[in-house]
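To start, the structure itself, in structure tokens.
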Amino acid sequence: MSQQYYEKDDLQDFPNIAEYASEQGEKFFEYYDRATSAGKLTEREKSLIALTVATVRHCPYCIDAYTNKCLSLGVGHDEMMEAIHVGAAMVAGDTLVHATQMRKIVKKKEM
Amino acid sequence: MSQQYYEKDDLQDFPNIAEYASEQGEKFFEYYDRATSAGKLTEREKSLIALTVATVRHCPYCIDAYTNKCLSLGVGHDEMMEAIHVGAAMVAGDTLVHATQMRKIVKKKEM
Amino acid sequence: MDLRQQHELLYRMDKTDSFMDRLKGSAAYPLRAQSIEILQLNVTRRCNLCCRHCHVEGSPEQTGELSRENMEACLRVAAIPEITTLDITGGAPEMHPRLEWFLKEAAGIGKRLLVRSNGAILLEDPYRRYLDIYAETGVEVVLSLPHPLRERTDRMRGTGIFERIITAMKELNKRGYGNSETGRILNLVHNPVGAFLPGSQQALESEYRSRLRQDYGVEFNSLYCLTNCPVGRYLDFLKRSGNLPDYINLLKQSFNPEAVQNLMCRTTLSVGVDGRLFDCDFNQVLDLSLSDGTPAHIRDFNYEKLSRREIVVRSHCFACTAGSGSSCQGALE
Amino acid sequence: MDLRQQHELLYRMDKTDSFMDRLKGSAAYPLRAQSIEILQLNVTRRCNLCCRHCHVEGSPEQTGELSRENMEACLRVAAIPEITTLDITGGAPEMHPRLEWFLKEAAGIGKRLLVRSNGAILLEDPYRRYLDIYAETGVEVVLSLPHPLRERTDRMRGTGIFERIITAMKELNKRGYGNSETGRILNLVHNPVGAFLPGSQQALESEYRSRLRQDYGVEFNSLYCLTNCPVGRYLDFLKRSGNLPDYINLLKQSFNPEAVQNLMCRTTLSVGVDGRLFDCDFNQVLDLSLSDGTPAHIRDFNYEKLSRREIVVRSHCFACTAGSGSSCQGALE
């Protein structure tokens, strides 16, 4: 076993995650495939959304998988980066919008 | 002050979050506006990404703002829901892909 | 909802922070007309449809229409050089018994001439002939299509209406409408189907264009985005659905001082079914007469006095100054 | 990279889990041809370009071309009823001095006839005339366009090449190519610009179509998605960039047993520049002769023997069985 928690080979293990709880695992894969394949939104749109969620959630496996998927779908570098900026701006924004709660408490408590 | 942490009026306070740290606040708004407005990706695409990140991050303010934005842009209910399913499947997936780390430890440690 | 109820409701929503107060804080106070370029005629409130957002509460039950005498007065006014555009609205203008005659007379004046149609009526006898009359007179057709998705439009306008509008668009396309090379202009109007503001006109136009082209093969020239004004049936929806306070707040929060400069009432005069004059279609519905000392009827038209009149404002005016602004010609910017 | 190095590298990457072992575990073992429907001719490896992914390492320096005698043999073979398609590739086929003559002869046989062009050459003298020759003979044109974005395609094929391909497409569009109503077919080929697999053909086709239509106003019929095979210059790129082990693993992990049934080698015969026969273009590059006992040269063509031959496989074959599969006609499914 390596000294790294995150090994590149882990991603190849993704198809095996049904192990130890196969019924749930298989249902998960059915759901995952259905949710991420083209529907009203295209594969391209869903891959950009998935890439953004992957970065927001700091999942190196998913970033790897969806960067490759975006490349495979011919998505531009600029499009991928713009999607990640939406994620980054939202994370900054959802943090800052919670400053409202701090400010409400400050304003109530202080003399 | 209400007995609720999350009040609908909080969202209206968003433009005021520069208070107490105005320089950073203004720079944030400049960034936020640039990151979420149309570029290589359209406003529609960015709004769907933002709505997904908002749900993944459980930010009720952002969910409100971007649900309205999607409605304003004529995005279909089915498109909004499909985007959120991508988010949900990714959250489930990025959790389960980390089961690999648990399984690696189990397999190393057990006799 | 009757007129008194509408006024009461709006007043209750806006006792503290009136539109007038905002104006006073801006460079545009007092708000005056700067010209009259557009003469907008509401020729009848009768309509074959009964849409949930209709601010004039058009329906088959409505009565009354612009008289021949008043129409002739309108034609005389439209002929003066300052007026560039004759904008015919309703109700369904096609249900006015003298519309054909009026269009042909108006076309002779050589001004920009547009008719706001609900589209669906163009498939019904005896109104079907207007497809050809429009093409012959070269009138600009403005169709209301609240949403590019069937389900949303039908929700607002009635089941099956979306399909009929699409069919009407196909008929108009066949006659050269919606093709940038023929000069026959077919514009669409978007209204939010619910208690929210329209998105950017550019983004919506591209959304409409790609969906309508891909799903139905129909074409149009431009999309006008209109903010729903809290009057008439839309006010009723806001109240019943519990959205009214939030919507009024939203309009106020979205107040854009720059939109005030470009308010369409500053260059438009609205003629009611009875020939009376108003600052806009909404004031007409709310029966808010022109400010004191200005001619009150089309037969008393006086450019000098009317083109500098002070505009009568109330809290519903926030609808036209929200975000990028809204007018009968779409977003202001 | 010379031939010996390519074989060594592939062997080193695939000592334990060979393609043959996978086949043995599937219903397709032993892998045999089931017919010969497509006769693919590599008429020359000479090319005006020098693309980074070229598996035949085409370039202006390459020499040799299919002789007139061998071309005539190909025409005789193409005439037999079992063969439906004559697929002409290179190099740049246009650089073969007798291509015009060959196309006209081949068109006379009445089979599906297609030429794989790099597009850029169609703007250069003396090859420009092929624009008209193609249109006259009705040949199907297959252009390689690795990516719908300029920067990515130029990265693979050379600066300015994207623009030239677009210009060539415009010229072909003018001649009726890419219009579903004329019967003149212009297909594009996508190869991943890097060490990854192509996405779904449907998604990529719609991406290409909308970008090319919107940004450049050019049209095409279908997009073929090809998985890059780890031979020739592409193998070289994989090695130098440190992607080789990962890429081979990716191909193996993506092994799709269903794709085996539809492998294009089962219905294709590939003719080399010297007239020798191969199971496919990749085996030709790797100089992997047909299996024992089958005629080795086009002049010795024998349908009975060749159409049931056992296919010669090595680890590079994983490229054609990855994901939804890949062939010179695009994805298999």
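First chain written, first letter: the chains are A, B, C and D, and each begins at residue 1.
Keep in mind that, in the parts below, a contact is a pair of C-beta atoms (placed from the backbone, for glycine too) under 8 Å apart; a residue touches a chain by one contact, two chains touch by 3 or more.
All values derive from a computational prediction rather than experimental measurement.
Setting chain A aside while every other chain stays in place, the touching chains sort into these groups: B, C | D.
Greatest centre-to-centre distance from chain A is found for C, with centres as Cα means.
Chain centres here are Cα means. That of chain A falls 45 Å from that of chain C. Chain geometry summary: the mean Cα position of chain A and that of chain D are 37 Å apart. A straight line joining the Cα centres of chain A and chain B is 11 Å long. Contact of a single residue of chain B with at least two other chains is seen at positions 76. Within chain C, contacts with two or more other chains are made by no residue at all. If each chain is drawn as a node and touching chains are joined, the picture is a simple open line. By the definition given earlier, chain contacts exist for A-B, A-D, B-C.
Contact residues of chain A toward chain D in the complex are 8, 12, 38, 42-44, 68-69, 71-74, 76. Those residues of chain B whose C-beta lies close enough to touch chain A in the complex are 1, 5, 10-11, 13-14, 16-17, 19-20, 25, 28, 31-32, 35-36, 39-41, 45-46, 48-50, 52-54, 56-57, 59, 61-62, 76, 78-79, 82-83, 85-94, 96-101, 103-104, 108.
Chain D contributes residues 147-149, 152, 190, 192, 194, 196-200, 202-204, 206-208, 246, 249, 253 to its touches with chain A in the complex.
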